[in-house]
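Chains: A, B, C, D, E and F, in written order; residue numbering restarts at 1 for each.
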Amino acid sequence: MIRIDGRVSTQLRPVRLSVDALDFAEGSVLIEAGKTRVLCAASVEEKVPSFLEGKEQGWVTAEYTMLPRATQTRTSRERDGRVSGRTQEIQRLIGRSLRAAVDRKALGPRTITLDCDVLQADGGTRTASITGAYIALHRACSLLVRRGIIPVHPVHTAVAAISAGIVDGEVLLDLCYAEDSRAEVDFNVVMTDKHEFIEVQGTGEGGTFSRSAMDNLLALSEQGITELLNLQREYL
Amino acid sequence: MIRIDGRVSTQLRPVRLSVDALDFAEGSVLIEAGKTRVLCAASVEEKVPSFLEGKEQGWVTAEYTMLPRATQTRTSRERDGRVSGRTQEIQRLIGRSLRAAVDRKALGPRTITLDCDVLQADGGTRTASITGAYIALHRACSLLVRRGIIPVHPVHTAVAAISAGIVDGEVLLDLCYAEDSRAEVDFNVVMTDKHEFIEVQGTGEGGTFSRSAMDNLLALSEQGITELLNLQREYL
Amino acid sequence: MIRIDGRVSTQLRPVRLSVDALDFAEGSVLIEAGKTRVLCAASVEEKVPSFLEGKEQGWVTAEYTMLPRATQTRTSRERDGRVSGRTQEIQRLIGRSLRAAVDRKALGPRTITLDCDVLQADGGTRTASITGAYIALHRACSLLVRRGIIPVHPVHTAVAAISAGIVDGEVLLDLCYAEDSRAEVDFNVVMTDKHEFIEVQGTGEGGTFSRSAMDNLLALSEQGITELLNLQREYL
Amino acid sequence: MIRIDGRVSTQLRPVRLSVDALDFAEGSVLIEAGKTRVLCAASVEEKVPSFLEGKEQGWVTAEYTMLPRATQTRTSRERDGRVSGRTQEIQRLIGRSLRAAVDRKALGPRTITLDCDVLQADGGTRTASITGAYIALHRACSLLVRRGIIPVHPVHTAVAAISAGIVDGEVLLDLCYAEDSRAEVDFNVVMTDKHEFIEVQGTGEGGTFSRSAMDNLLALSEQGITELLNLQREYL
Amino acid sequence: MIRIDGRVSTQLRPVRLSVDALDFAEGSVLIEAGKTRVLCAASVEEKVPSFLEGKEQGWVTAEYTMLPRATQTRTSRERDGRVSGRTQEIQRLIGRSLRAAVDRKALGPRTITLDCDVLQADGGTRTASITGAYIALHRACSLLVRRGIIPVHPVHTAVAAISAGIVDGEVLLDLCYAEDSRAEVDFNVVMTDKHEFIEVQGTGEGGTFSRSAMDNLLALSEQGITELLNLQREYL
Amino acid sequence: MIRIDGRVSTQLRPVRLSVDALDFAEGSVLIEAGKTRVLCAASVEEKVPSFLEGKEQGWVTAEYTMLPRATQTRTSRERDGRVSGRTQEIQRLIGRSLRAAVDRKALGPRTITLDCDVLQADGGTRTASITGAYIALHRACSLLVRRGIIPVHPVHTAVAAISAGIVDGEVLLDLCYAEDSRAEVDFNVVMTDKHEFIEVQGTGEGGTFSRSAMDNLLALSEQGITELLNLQREYL
């Protein structure tokens, strides 16, 4: 079956990484996956959240937003003090995933915030954010090492993420928006370069899924993540 | 291995269901799993959200809260207009899970809101909420049928949920708070009585997990959910 | 005249007190007055509000909420950051009433928060909250004494509250919702076991009231409160 | 006993009424009671709240604020979206009290909002607001009658209010701030020109009060309100 | 051309200044310009914003509001936590303008807040606020000197402000609301008594303006401000 | 004098315009002026604000934000429901400036929103936003004409903007951040291609300015804007 954008079912969209996309951030990358574009910036601050004070370890956290015209039609900004459930879920997921990559003791008492701002959204923005934020995080940590602020590079594991889903009964890798919006099942998978899982989120969107369907989706995701991990390595 | 509360690794906590716990709600149940207690109320309203207007189908949604003294020490109320990410994730999960149980065309243009208020929290509040909310939902729909408001019962699938996790390398079913707070891996699984999955959420909390660990956790969860589905059936 | 629920005009609804309704709170009670049910929890925290810092005395405060389906039809949660005037009035009243029961110097530099969560509302929720919160407060203080945290029990006066009103020209004690919603005059009275008043709030709801009507309402309230104080004593 | 400002215990502070204090409002008055000054404006709008739509009757409501430098030291504005409990209690009280003065059917489907803005606060701002707002309301209604918008004047009862309290065991009328801040008991009383009560709010602030103390406070309040009703009459 | 209120094009509205309009504020004035009335209060507080801590200099800031019935028809209060863009612009302008009048080192580590509350609005409220706030500020500083709190008067420059605009092609000084609401061009100008500008804000409201029109508007504004500076001097 | 980035005093920073920077927006451009980068998107919606309903004319409005890591150190997102005064001033300025370019009757009953998101901030973000937003607006209108939705192109005037200021007594065009942060005087000027002004905002930041200084700043700004208008023309 040929997909809406000409791919086969097991194929990723073309991924482009532009590192150092910003002049001031300690680490940054613009990640493009098809029409999806996310600007990922890592900011280092010499402070920790109150629950870590005096504990001699650092923190890694993330914020995620979509620009209003990232989408096909304009979406209102989340400006009224209520960050939507979707946004909160995504930025919590990004933060958890990246924390799994870092030795927070080695990072020391500082915070790295990963701002993932979606310039354009065509599906897979949360997984692109994770894959891109990993690069921004790694480069920011390398800078800290080069500047002699920390002695040992605190990133011990590479992290990447991809989506997979079932559309019209077909198992597909890396859904674009047109596919995602009518998927029966939607998986987001985060893995390390040791072939371990950090997070698996599978949802029957208006449907349910069997154990064997899940097995297929996980295998496909692992294959896609392996490709992304190879790509990341070129920039680190 | 004997667990902190005397259970074996594959054992659920004792579950108690008190149906019709409220006088005014269309359906209600107090679900207790060990010390965890959730009051689940189903409210029927003859209106639909704006995105469903004129579409001749209904909506099922959920709200989740913990009373301030549900917890070991008092937790502040979410009263400042910012519902936390955790709360939003949970109530979105409950809503999605219950929508999978219902034929929304058969429900007709009305909304059923499932209020899950945690009176006491000892781990597993989100899965207890789903298991209890299913009963409240089913009873509310039965009432609509008895009153002649809808001709066909719109619930087509039973739904229940459980947690499982890895604690000190051990795979355990139905974590209590003391276990949950130091788990390496945490899974929440929602299934139907057709042995299909609605949702799988697995997170490495300060760790990662292999494919075979995931297989064990899913098998254990399925066993626990089967027990819960049997219990639910006695009240419907 | 026989009332809507079969009572005579001077009769309280049946009151049920379930002490230690929660496992974690320092003091707790579920109070039921007819169909009205309020879960009252006392939480002790070793801190004081900023205006009491360094003053060697404690604080007693209250929060009040109704669960969404406490009411005949569902009421929206107060989640948008604006706590309603009604809610604020009630929780300020509960706090003031309970502070009158306590020697705050004897309590020492700690705060007791009384969470009154209305599980079901059929009139009289604010007075039931006060009557119940007194028990939770007393039991929490007894625990502090038993644990040796404070040497002298700081509760020096018992406190209970009741409503009375004029419905169709008739003076009635302890209004249920059906009565309350069409009352011409509505009184809430808080008293101590020394037959002194802590608070009297009388409102002409769409009417006015004479001095002699007020006298009748106060006498009836005092009689009802005396019954409640006797009941409380059994649990302390 | 001579009071802090030279009055005897049963004496009101000098009251000054400046009617038509604003050029645009349908009715307005600046009321001064000692150093307390409240600008009361009545605004007529040809709309009703949604719960009165189609019911052919009007609405009367109030808003209350203190300017930041009304007080001895500057008080922050309530600008963060959270109107304090105190402010809400007061504006609800003003609204209820004024609604008791009006035949809402005769007013017809329009809303009169009474804005009570405290320019300077030296105790008794809520009762001065009620006494002043009554004049603004009456004059706005007179204007509606003169303009032929409504045929019959809808104000059927005059309304005024005063505070009384117990300070150092002494029963005092019309407390100024220095007295109010150390009162043992504080009463706010709202009455009509038929010697009926609209509202009685009595609070033991750090104390309790007996039935006979209450009787004294009510008698004193009635005397003060009678003086205020006479004064109001000169401007209507 | 005779204007709507009988003035010629270069004429200010009558200005009235009532100093010490409040009893508690360190400095205060009620400024009236035609029907526009602004109550300006200066409050001194012995603290500085966090960005000035330890820097041995003071701060001057302003807040601006309109009472709801300042306007021809009632305007809602800004109570929902969102201060409008217009309000924020105005209070930032007042603050900047007054800071230009003060030697903040001489003021020492304290904050003067200028509350400008518009009791009635008929155009020119922001410029009347600046002209009035200057007097309140100066008098508050004089009080600090008299009390020996600061040795040298920190106000080194007088400040006043006026509006000018083009209405139907005519250049007019000090627009009233009826003129302002249909002006093609609107200027607000703030100047010192050294004939220097602090702020020039010119806006083509539904139009544009040439360089020579701007020259006319600035000359007219300078003439009006000179009159206001003379008037201010009588009260300082 | 050679400036910090090597320019002479009358020189603009290099400007780069990348039109159609987004795939979904009706018009878009990425404008870069030195290190300042603003992504401008024009979104057309077939609705008007309520104050224009039934008036057969359109609306043009703007929103402005900075990404958190646009700045040298990370700036918190404006997510708590309170859009800062600075942000509101800027987006109101952008909106007013662009409305001056458009015949709103010719636009018809639709709204064009200009989202100006600052990806990187090195001074002059508000003027770059106006210059860029004009292009996005023009291209969106051209699209509406090409699609036959409106018959006549509604943009009748080109609009561009620049800053100028006085730094160390020197009059400079197009301040970068390092210059802006220590400028004595700061001007923002918006002009049309007919050499008319739309907006002039001049502020003495910690200083005042004479009439002749203003004349120099305006002349320099006009020269810079003429260059920008020429550049814009290449893309329209």
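The definition used in the following text is that a residue touches a chain if its C-beta (ideal position, glycine included) is under 8 Å from a C-beta of that chain, and two chains touch if they have at least 3 such contacts.
Keep in mind that this is a model prediction, so the values were computed, not measured.
Looking at the contacts, which chains touch chain A and chain C alike?
Of all the chains present, those in contact with both chain A and chain C are B.
So which chains count as neighbours of both chain B and chain F?
Touching chain B and chain F alike, sorted by label: A.
If I superpose chain E onto chain F using their CA atoms, what angle of rotation comes out, to the nearest 5 degrees?
180
Relative to chain F, which chain has the most distant C-alpha mean position?
For chain F, the chain whose C-alpha mean is farthest off is C.
Rounded to the nearest whole Å, what is the centre-to-centre distance of chain C and chain F, using the mean of the C-alpha atoms as each centre?
59
What is the distance, in whole Å, between the centres of chain A and chain E, each centre taken as the mean of its C-alpha atoms?
So the centre of chain A lies 51 Å away from the centre of chain E.
Provide the C-alpha centroid distance between chain B and chain C, rounded to the nearest whole angstrom.
Roughly 33 Å, centre to centre.
If you look at chain F, which of its residues touch at least two other chains?
Answer for chain F, listing residues that touch two or more other chains: 80-83.
Name the chains in ring order, counting from chain A in the direction that reaches chain F next.
Following the touches around from chain A to chain F and onward: A, F, E, D, C, B.
Okay, in this complex, where on chain A does chain B touch?
Residues of chain A touching chain B: 81-85, 88-89, 91-92, 96, 99-100, 157, 192, 194-211, 214, 218.
Can you list the chain A residues touching chain F in their complex?
That would be residues 22-25, 28, 35, 39, 41, 43, 45, 63, 65, 67-74, 77-83, 113, 115, 117, 119-120 of chain A.
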